[in-house]
Structures are given as C-alpha cells and as structure tokens.
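Below are two complexes that have subunit A in common, paired first with subunit B and then with subunit C.
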Partner chain A sequence: MIYYPEYLQPKTLEELFKELPKNKKIYYLAGGTDLLNYLRDELVDKKNSCFVDLSKIKELVFINETNKNIEIGSMVSFNILQENNLVKKHFPAITSMCKTFSTPIISNRATIGGNIANASPSGDSLPVLYTLNTKIEIKNFSQTRIEDIDKIFVGPKKTNFKNGDLITKLIIPKQVLQKGFSIIGIFKKVGGRKSHIISKASIAISAISKSDYIKKINVAVGAVAPTVLKINTISEILNNKKLNKKLVKDSVEEIKKVISPIDDFRSTANYRKEVVSSLFLESISELFKFNFYD
Partner chain B sequence: MSIKIQFKLNGEEKNFYVKPNMTLLELIREKAHLTGTKHGCGNGECGACTIIMNGEPVRSCLILAVEADGKEIITIEGISPQNLTELQKAFIDEGAIQCGFCTPGFIMAGEALFKKTQKPSDDEIKESLSGHLCRCTGYEPIFNAFKKVAKK
Partner chain C sequence: MKKNLNVVGESVLRNDVVEKVLGTAKYIDDYKFDGMLYGFTVRSTISHGKIISINISKAKKINGVVNIFTAKDIPGKNFFPMILNDYPFLAENKVLFYGQPIALVVATNQEIAKEAAKNVFIEYEELEPVLDIHYAMKKNSPKIFGSDNILRKYIIKKGNIDQGFKEADVIVEDVFETNYQVHSYLEPNGMIAVPQPDGGITVYGTMQCPFYVHDAIANILNIYHNKIRVVQTTTGGGFGGKEDVPSLVAGHVALLAYLTKKPVKLVYTREEDFHGMSKRHPGYIEIKYGAKKNGKIVAAKVRYILDGGAFATLSPIVLWRGTVHAVGPYDIPNVLIESFAVATNKVPCGAFRGFGQPQATFANESLIDILAEKLKISPLKLRQINMLKPYSRTATNDKISNSCGFKKVLSEVIKKSKYEKILSKKNENLSTIKTGAGLAIAFYGVGLGAGGKYIDRAGAYLQIQKDGTVIISIGNTELGQGVFTVISQIASEILGAPYEFVKVLQPDTTRVPDSGPTVASRSTLMSGNAVLDAAKQVRERIDTMVLKLFNKSKGKVYSNGKEYFISTNPEKKIHYLEVIKKCFVQRINLSATGWYTGEDVSFDSETGQGKAYYSYTFSATVAIVKVNILTGVVEVKKIVSGHDIGKAINPKLCEAQIEGGVIQSLGYALTENLVLKNGIILNPSFAGYLIPTSMDIPEIIPVIVESKYSKGPFGAKGLGESPMITPSTAIANAIYNATGFRTKKLPVTPEILLELKNKK
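Our next item is the complex of A and B:
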C-alpha cells in the first residue's frame, strides 16, 4: 500500500482553520524550498498527513507600519523583503541579509515564515531577527499567541510548535532615535559557495549609533550552536560607549567564549571560532568605517 | 488519492490527475513527456530544471505539480517551437554548449531575463546565471552568448 498526503489550498485563514484536519500531521507549504527537499529525501510522513499550501492566502503577504512596530506577513518572500523601503529604513540588517540570501530564483519563492519554521541554526534570517528583538505571531485554530523569537527554538531544526501551529506574522519593534543617531545593521556569512550556500557561520549586528558612539548594540551568531545565539555580554561591553580597539577586542573574547560548535562534518570548533571572530571584525569595521583588525 | 489540475503548458490547456507529492518536474518529464527540462540535483541547486511559471523562472524540482493549477507554464520546448531564438543561436555561435545538460536551464533563465530587460547589464546577466551550474563550458562562453544578445 502506498500512502499519499492530503492536499489543501485554502484562500483565507478562516478557511484554513475550518478545513484543517485535526488528526493528521500538518505540513504547511510556503515557498517549498526546504519542504520539497525533505520530500525528496523521504523525510516527509506520507501516511496520515496533509500538505496545506499557503500560496493563495493573501492575508499573509504584507509589510505594515503600526505605532510601535513593523509587521511582516509570514508569506513575504526574500526578494520582496529586500526591496521594501520600510525595512530598509528601520532594519538595515534585514536588507543586508536578503542581499546574501541564495540566488534570485530561490529568493523569489523562499519565505521568511518558512525560514523561521524550518528552524535551521544556519537559517539566515534568524540571527538578524534576534538582534531586532522580533516577536512571532502563531495561530492554531481559534488560538493566537505571540512569542519572542529566541523562545521558539529548542534545538537544531526543532521548534516548540505543536501540530498545526502557523506563523502568521513577525512583529519587530521600531527604535526611537534621538537627534543625530541612526540605526545601522549588517549581516555576514561564510560557507562553500557565495550567496548560494547554507551558512557555516553567520553574524548579524543591529545598533543605534552616532559616528563612533554606540547607544545600543545587539549581536547574534548563527550556525555555530544548536540554535542561534544572541551574545548579550557584547551589548554590556559596548552599550553607551565610544567604540575603540580595546572594547572590540573584549567583544571578540566574548564570542570565543560562547561558541559551542555543532559537531557535524562541516567544520571544526576552532575553525568556527576564528571565522566568527573575523566576521565580527569585518562587520564592525564596515559599520563604523574603521579598521579594527590589528 | 489524485487531484485534478488544469494549466496552460506551452500555450495549450492541459489536464492531469496528480498525486499531492509529485513534483512539477516529474509531471513535466513523466506525464507530459517533455524531456527537455532536466533533472539534475533535484534540490534547487543546479538550475537544470528551470521553467517559466507565470513569467518568472522557477525551479520545477522545488514545486509540487498541484501548485501548477491555474498557472501558465513554459518549458524549453515551448520557447520557440519553429525557429531558434536569438539566445539559442548565440549559444551555438559562442560554443556555449558542450554536453548540453545544463543548456535548457540557462536558456529559460535567459529568455525570462530578456523578456524583462532587452539590454541587461553585465551584473544583471551574471545574476540571472547565478544558481545555474555547468560542468563543461566554464561559463565564459555562456556569458558571452548572453552578452551577444544584449548588444543587439
């Protein structure tokens, strides 16, 4: 007996939760750039499961500004995100990340919601969203909950989601800027092939600054631990300081302390420490237009 | 359990009954018997399976057949059934084909690019080539073929 999943293509969220089977394993289908790989590798449960295609649900594709936040629908693709002016203005780290995301043909389809739900520690959007204190709205039938992004991941490719949990939107707080200050941000990664890779190590930085004075900074690293890590000790070192080489050096020491590399075949622990340290130096130098290398 | 889908394939309305887990690439090759679209990596990395769906180049190995319902799809066979296109001629002139396995993917990416901009910049050309792998030519002749069309 060969089994096949069921397939649904709802047009609204209301329709989705009306039709969603309660006793089947739910696979939401967004851009399919991860899910189809799992299907090929026989990692998808075909018996008693249901594919729910999200592509017709227009309510999930939007980028809006509210009083305090920018809200981004889960079905927004990386190329739409890259071009969006609200995002460029408020979250330069997101725009920076989109530029290195795969190739145009993949970013046309890959969605931000899929990147989060996939929960890979090398998902490029994750460290960036950590630096921006992003909250995620999740719906399941009549229930809605909002969680901090760093609370939903419990391990590599593992979220705390229950069957049927749907990411509907991201809520990212806007920063209040005093006169003369601006928001800056950057994302960098290394891996095998440029812009077509699953990162081996990545870093995201978001900060509020005025030339070399840092009001507030957040740093997060990806692909070097079972989940993305936000390095709060760096914020403690650099917040409300004029940046100098000593402080940068202290920050690098913090990076080396927190990294517990995933023991996979891709690379070794020390290599990752060196790589992330130099990604940090490169990023800080670029953001503050000063060479902090030596 | 099969699902009926209907879409325009190379200009003709077609109906198929498909299983929910069948990929669009499998449908094109095994049910529509259009074998110009190639199955390379099967995971979105090589570009050999590129087709045009509603005007956009996409990887057919990363799309379910059921998702094609209501769409307009063009494969390499439908690009220009009678004559060769300028880009296809340029590929021949520039020696951009060796084994030919990657060629349909590059042509589809190129046709989509030239539909959007008649005179793409070098960077735009390179961007549209990115994510297409060729094991034979070393890319230079392929880039030159694109350049040749962009100059016209």
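Our next item is the complex of A and C:
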C-alpha cells in the first residue's frame, strides 16, 4: 500500500491546536524547502505522520519592536527578514546572513522558524541567532514556553522538542548602546560554490564596539560540531578590550579547542577546522577594518 | 567587399527558441498515451555479487502492479549492442555495480511502480568489489572483465622514444588524476514505448542517437528493424550522457510495452540517473616530456588509464580519442603512448563532451607549464615553439592540413585576456587574495575519426512544399546545440529559400538512413553536408526553371535569399515563391535525398600511426582567477576561449556553445566532485553534486577563428566539444600562477589547496 501523511492547513493557531492529531508524528510545513525533500527521500514515516501547513496562519508573520526586544514571527521568510529595517538597524549579522542564504527563490519560501526547527548544524541562521542571545517561543496546545536558542539542540537535526511543539516566535534582545558605540555583525560561510549551497563551515559575530574597542562580543560557529556552538571563551577574551593581534590569535585557539568537525562528502574535518579559523580572521578583519591575518 | 552569402554566417534566431522559452516544447515526461502504464527499475544495492534469488511475490501483490519482469522474460538477446556487447539489459546471475538494473516493474502509475520496486527482494552472495584501477590491473585482483580487467588498450609509437629522451636537455614528468564528471542535463533519461498493431513498436524519448536505440530494441525484442520506429522528443541536454545509455532505457521500456501490449513510460528520477547512467571517466595520467634548452620538445611519453566502470560501453572509443590527443597539440618527433580502459565495480563510464580529452589535456597542459618553468621560458613561448601548424605531424604522424588557425586563435586569446601582463604581475605578500592567469591549448579531431570510421555517414531528406516552405529530415538530433538552426541556414542558403521557410522535422528513424550518432562535434559537418547534397540537387532543378523563365538556355543563377537573378541582367529578379509555383505546375521534383561519408581515415593498431581524423579544430583558453589563500576558495574572474572551427554558420550560436563549454569545464575544474564509497555514489543529487550557479560564472569572452576545411559545409569543422577541453586546465594553471600551488587533481577543491599550502 502507498500511504500519504495526513494534511492540515489551519488558518489560526487556535484552529491548529484544536485539530492537531495526538496519535501522529507532527511535521510543521513552513517553507517546505527541507521537509519536502525529506518526504521525497522517504525519511518520513508517511503512514503515521501529519503535515501541518502553516502557510495560512497570518499571526506567525510579523516583525515587531517591544521595549526590550525585537520579536520575529516564525513564518517570516528570509527575503522579508533581509529587507526589514528594524533587523538591519539592530542586528546587522542577520542581514549579513540573509545575503548569502541559498538563492532568492529558496529565500522566498524558507522561513526562520523552519531553519531553526530543522536543527541542522549547518543551518545558516543559527550561529547568528546564537550570537544575539535569541530566545524561542514554543507553543504546544495550551502551553507556552520560552527557551534560549542554544538549549534546544541536542544533535544534528535533533531538538529537545516534544511532538507537536511549534516555534511561534523569536525574541531577540535589543542592545543598549552608550554614546559612540555601535552594533556590528557579520556572517560568513564557505561552501562548494558561491550560492545555493550548504555550508562546509560558517561563523557569526555580533559585537558592540567603538573603533577597535570591544564592549561586548559573541562568536558562534556552524557545521563544525554536532550543533552550532557559541564560543563563550572568546567573549571572555575580547570583552572590554582594545583589539590586537595577540587577542585575535588567542581567540582562534579557543575555536580550535571546542570544535569537532567531521569528514563527509562535502568536505574534510581538517579543512573545516582550518577554514573556520580563517573565517574568523576574515570576519574580524572586515568588521574592524584591520588586517589580522598574520 | 560584397557579401556573397545570404544567411550562412548570420546570427539568425534559433528555430526552436520560441517553444523552449514559452515552455510549450514537449519533453518526454510531458507525453501521455491512452492506457499508458509506468515502469520502474529494480537495481542492484551492492557493487559486486552473485544473485541467489529474486523474490517478487510481495511486490506483485501491491494494488496497481501489472507485472514484474526479469532477464528470463527477454525474448531477444540480453545485451545492448555497443562495441564489446558486454552490458546486459537486465542482470542474470551476477551484478557488477551498485545501480545495475535487475528487474522491471510495470504498474498503473509511477508511484506504485516505485513502491513495488522497493518490495522486490534480491538475495546476493557478495563478492569483493574491484574499486581501484591499479588494483584491477594487478594479477591477484578479482577479474570482472576477461582475464585482466582491461576493456581496451592502445599503443602509439612514433620515432624512437629512448633516443628522444637521450637528446633532451631537460626532462619533466608527473602524475595527474581527474575525477568523474556528471552530465547534469536538465532532463533526466526517459522513454515511452507504444506497441503497434503489426507487432512492432514505436519508441519516443530523450536521446542523442536514435539509430543506436533502434539497434538496441531489435536486440532485446528479437524483431526486425522495419517494425521499429524511434522518435527523438525535444531533448533537455545530452553532453554525451544520452549517447549510449538511452539504449538501455529504451530496451527496458520496449520490453515492458511488448510484454504488456500497452504503452509504457519509463522516466528516471535524478537519483537513478546519477547511479545508473554514464559519467565522464576518472583519469590517471603519467606523463613525461623531454626538451632541448631552446624549448623544442623532442620526446613525450604518456601512460593513460581510464576507469571504465563495470561494463565497456563506449570506453574503448573514449580511450582512443584520448590516446590520439594525449601528448597535446604539439609537434613531437618521438612519442610513446600506452593507454588502458580498466574495468571496476562502479558505474559504467561513457561519452562526455571532450571524450577522453579533458583528462589528458589536464596532464599535458599542466606539464607544459612545469616544463616552461624549468626551462625558464614563458608558458606562452614554449607553446608557440612546439604547437601544431600546417604540415606538422601529430603523435599518430597525421599531417596537419591548411585548415589550421591555431596561431591566430592563440594570439587573439592572449591579446584579449592580457595574459602576459597578469602572468608576470607579482601579488602583494600581505594580501590573502592572489590573482593569477593560466593558459591551456588543445587540438580536437572532428568527427568519429578512424575509431568510428564505418559508421561515419549521414543522410538527409529535403522537400519544398507547394507554398514554398521546406521540410528537412536529418539523422542527427537537436540537443540544444542548435543543429536544426544550422541545418536550416545551410538549406536556405543553397536553395535560395528564406530561412523562416525552413523547418527541420523531429528526428525519426523511418525518415532517413542510419546517420550514425550525434556526437563528436560531427553534426554540422556530416548532416550539413548531407543536406547540402540534397539541397544542391533541388537547386539545380530550380535554376533550370529560372533560366527558362528568363528565356536563357544556360548561365549562372544567383539568389539574394528571396529572389533569383542572373549575372547578365542582375536588375531583373524573380521571386522564390513564383519559381516554386512554376515548378509545381510543371511537375518538377522539388525533393531529394542527400548523403555524405567522411573522408577516409586510418589507424594502425600495432604502431598507432595513421590519419586519425580528417580535420582538426584548434583552441586556446586563458583563465584569470582570484584565490583566497585563507579559505582555498577560487573565484574565476574571466575566461577568454578561442576556437578555430572552420566557419561559424551561426556566430551567436557558436559563442553560446563556447560559453556553455567554458561553464561546464569550470565546474569540472572547481565545484563538481562526485564522491564514492565502496563503489556507491554518496552525493547523487544536485544538492550534493555542485554544478556552477550563475553566481559562479565569470566574464566569458568567446573568440571564433575561421580557417576553412575544404570538405566542410561552407568550410565548417565542428565546435561542440572543443570549449570543454581547455578551460579547466587554464584555471588550474592560473591557480598555480596565483599561489604557487600546483594541483595535480581535478577538481581543485579548497580542501586540496589548503593541504598544498600547509605542505609548503
């Protein structure tokens, strides 16, 4: 027999949780840019699954400013994210990431919530969201909880989510800037070609700085460990410091300590190890307009 | 100077462009027939083993499954005819590669057929797979072909190799390797077979070579050729990947239709196409040059091995072309080339644009740069000293004819790329982005050459209809290369009929005699000449009518593309349509068949000497790259690629061919990396196997040089493959110039570059 997943297309969150079947594995269909491939590649137990199409739920598409945060609905596409002025102003690393994200066609469909839920260590938005101390709002029936982004991933393509957990929004704290300071951010990746590519390694940096003085910095790396990693020791080294070559070198050492890349058909562990350091050097040099290479 | 051609040499609009751009063109998966069933292939899930049993009982019970067939259901012969005839349509008692077809499911829809194929259970006794060419050639390895795993070997001996190296002042040698390349045509392989009331069968599909398919169906069904009709549908790219293996698909679908007596569609998924269909051979090349201090190369020795995969298919002939060209486009007095195509338990490799030459070119055009550095002569100068020119001799001792614009190709490419300036520019030490320039040159024997001599002919049928429109049938296929446009231009030019009036019909084996395959950059030359032949016969009859209308008994008739006139009174003109009308009333035959056979060629199997090809094209490419030495990422900034093709019948199409070849070659050089483990492809999709995107494509400057071939239509030779041969090596040489890292493997991945950097 040929089976197909059950399919729901609710118009509101209320409707969604009313209709959600309890005896099936729930797959939320956002942009579908990953999920439909899994379906085609037979990675979904079709007989016992339910696809819940989120495309009609308007309340999941928004970008709002509150007192302390910017809140982003989980169904916001990468194209919307890239064009948004609030995002550009507060989180330059996100805008930087959107520019290298896949292709315009994929960016039109792919959503920020989907990228998180897919939980790939090479998911491009994740390192950026790590550097911004993003919190994730998750709903399941009548329950709502909020988790730090770096707490939800337990391995490649694995989250701690229970069946039916739905990411509804991202809450990203705005930074309070003292006079003369600005928020800077960057995302870099290296892949097998220039666009439409899954990263071999990636890095995100978000910082508050004034010239070469760093008030606060966060660095996260992707595709070099089972999950994205935020490297807190770099923050310890660089926070409240005037940047210099020695500190940058020490930071690179911290990256090497924590990563555990693998060999696969896309690349090698050795390359990933080396190139993620290179990406850090390039990013720091670009952000602070100084050559930290040697 | 007065233009003496009306439409040949003009960049007229392609005659298949409208339906392709609008999306109304019908590819094989767009066709449906009444009561049509769907096939799916059951494939080997191991690389090497014996088949113990095939259990179809569970699959057969699935609702919608019509039947499941295996080798024992084949009424005819269980191999598709291709050189060594070793590739069975369906495996009988052993499998030699992962993905080899074992059984065929036919069902009421594709999904059911696929599901049923998963439920066919095959029990194997696994055997040690032979995965490496060097191991395959060892005495103690398992033998999967003959007694030595060698599918074919060649030798070319010219002069005295030992003496040659003795005379040399400088000797360089090295080993180069290239990986697979996947054709990545947009349309995967697929066919539909429709049984006919007379017991015959008609097959429609995406293919390069309808006549190969024709032979294959006769073989599997054991029916006469005159009961089989093969029609090529609009084809979404081939690049050699639809040369031989569509015979397999067609054989399968014909079998299903024949046994079920229903139309059947068999269209591959992309993954199946990756696992089962042909690839460019991985190449292994040991190469050695010996030169005098002044740069003159006096000796060249090559040992060239291709990884043929599990069955021979086209390997012998791919190897032959590669062998003939293996020392590069140079006049070298002493040559020894030994070459082997070796069987391994991996996907069978076959034709791919360039046909054994890109691999060999990577070796010889890298080594020539290494030699230049050792001699302290510029890479350009060293090539100029040694390159082929009219009357010089190739490795097979074939004399180069007057149709050799090599010198001009090279000088134009050098000039347009500013090669020498970039080559000698020093990169700043501190910068992590290094710029470099690289050059590679090649020659290319047009057509099948001595390796395919007996199938090197082409037929054509041409008819002017009542209203003056023209229909033409040829035996070569339109794959996107634009041959229908070129053929229309040639016919229009000869007939004096407006280009818009000419239509080339869908290729169909019942319309023209076997015209050989659509490969080897041969269609413009072969079908062009066949159409030329037919059109000239009809034009003669038209001219007689024109003279009659002018009340002349003799004289030369001219055309301006829509009207005829004679030289004694050029002001007076008669319209084409008027003449055609008169011809019809007077019962003049305005149809003709045309025929062309290639000039004689030869190859001595003992010495490898002879006239390997009747004509050669010549090419040169310069690549300008930027290399990020922190990440190993290479960005190609510009490519200038020049080709002497005899005559550009349609210059814009030629430029597009060059651009396409350059891009495919760029992918071969940098991004396209097929990864196998235990003989199984790990990245059988476009998410894992990376062809260049528009963002990866540099500025491309195509250069066309026209050094006419006396036997070609309007002097044309051929172009399809030439642009694929040199760019990848030009890129590798540019990377060396930029970084000092000499890459001896294609593709040049960032992983390899950083490894080289760390070794330094």
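For the reader, a short list of remarks on this structure follows.
In this section, the second predicted complex is superposed on the first by the 292 of 294 C-alpha atoms of A that agree within 3 Å, B and C clash if a C-alpha of one lies under 4 Å from a C-alpha of the other, contacts with A are read in each partner's own complex, and residues count from 1 in each chain.
Here, a residue touches a chain if its C-beta (ideal position, glycine included) is under 8 Å from a C-beta of that chain, and two chains touch if they have at least 3 such contacts.
No experiment lies behind these values; they were computed from the predicted model shown.
Aligning the two structures on subunit A places subunit B and subunit C in a clash.
Legend: residue contacts after superposition of the two complexes on their common chain; A:L279 is shown touching subunit C, with no touch to subunit B.
Applying the stated contact rule after C-alpha superposition, one finds that A:P173 touches neither subunit B nor subunit C.
Using the contact criterion defined above for the overlaid structures, shared-chain residue A:Y293 touches subunit C, although it does not reach subunit B. With both structures placed on the common chain, the touch criterion links A:G155 to neither subunit B nor subunit C. In the superposed pair of complexes, A:Y271 makes contact with subunit C only, with no contact to subunit B.
In the superposition on chain A, contact is made by A:I105 with subunit B only, not with subunit C.
Steric collision with subunit C, judged by C-alpha atoms after aligning on chain A, is confined to one stretch of subunit B among 7-15, 61-69, 97-105 or 115-123, namely 97-105. Residues common to the contacts of subunit A with subunit B and with subunit C across the two structures: 37, 103, 195-196.
In the complex of the two chains, the subunit B residues touching subunit A come out as 1, 3, 19-21, 23, 42-45, 47, 50, 56-59, 61-64, 66-67, 69, 109, 127-128, 130-131.
Across the interface of their complex, subunit A is touched by residues 62-63, 111-112, 115, 430, 432, 630-633, 635, 670-671, 673, 675, 682-683, 687-688, 690, 692-696, 749-751, 754-755, 758 of subunit C.
Note for the complex: subunit A touches subunit C at residues 1-2, 37, 103, 190, 192-198, 265-268, 270-271, 274-275, 278-279, 281-282, 291, 293-294.
Residues of subunit A touching subunit B in their complex: 4-7, 9, 29, 31-33, 36-37, 39-40, 44, 46, 51, 53, 55, 102-106, 108-109, 195-196.
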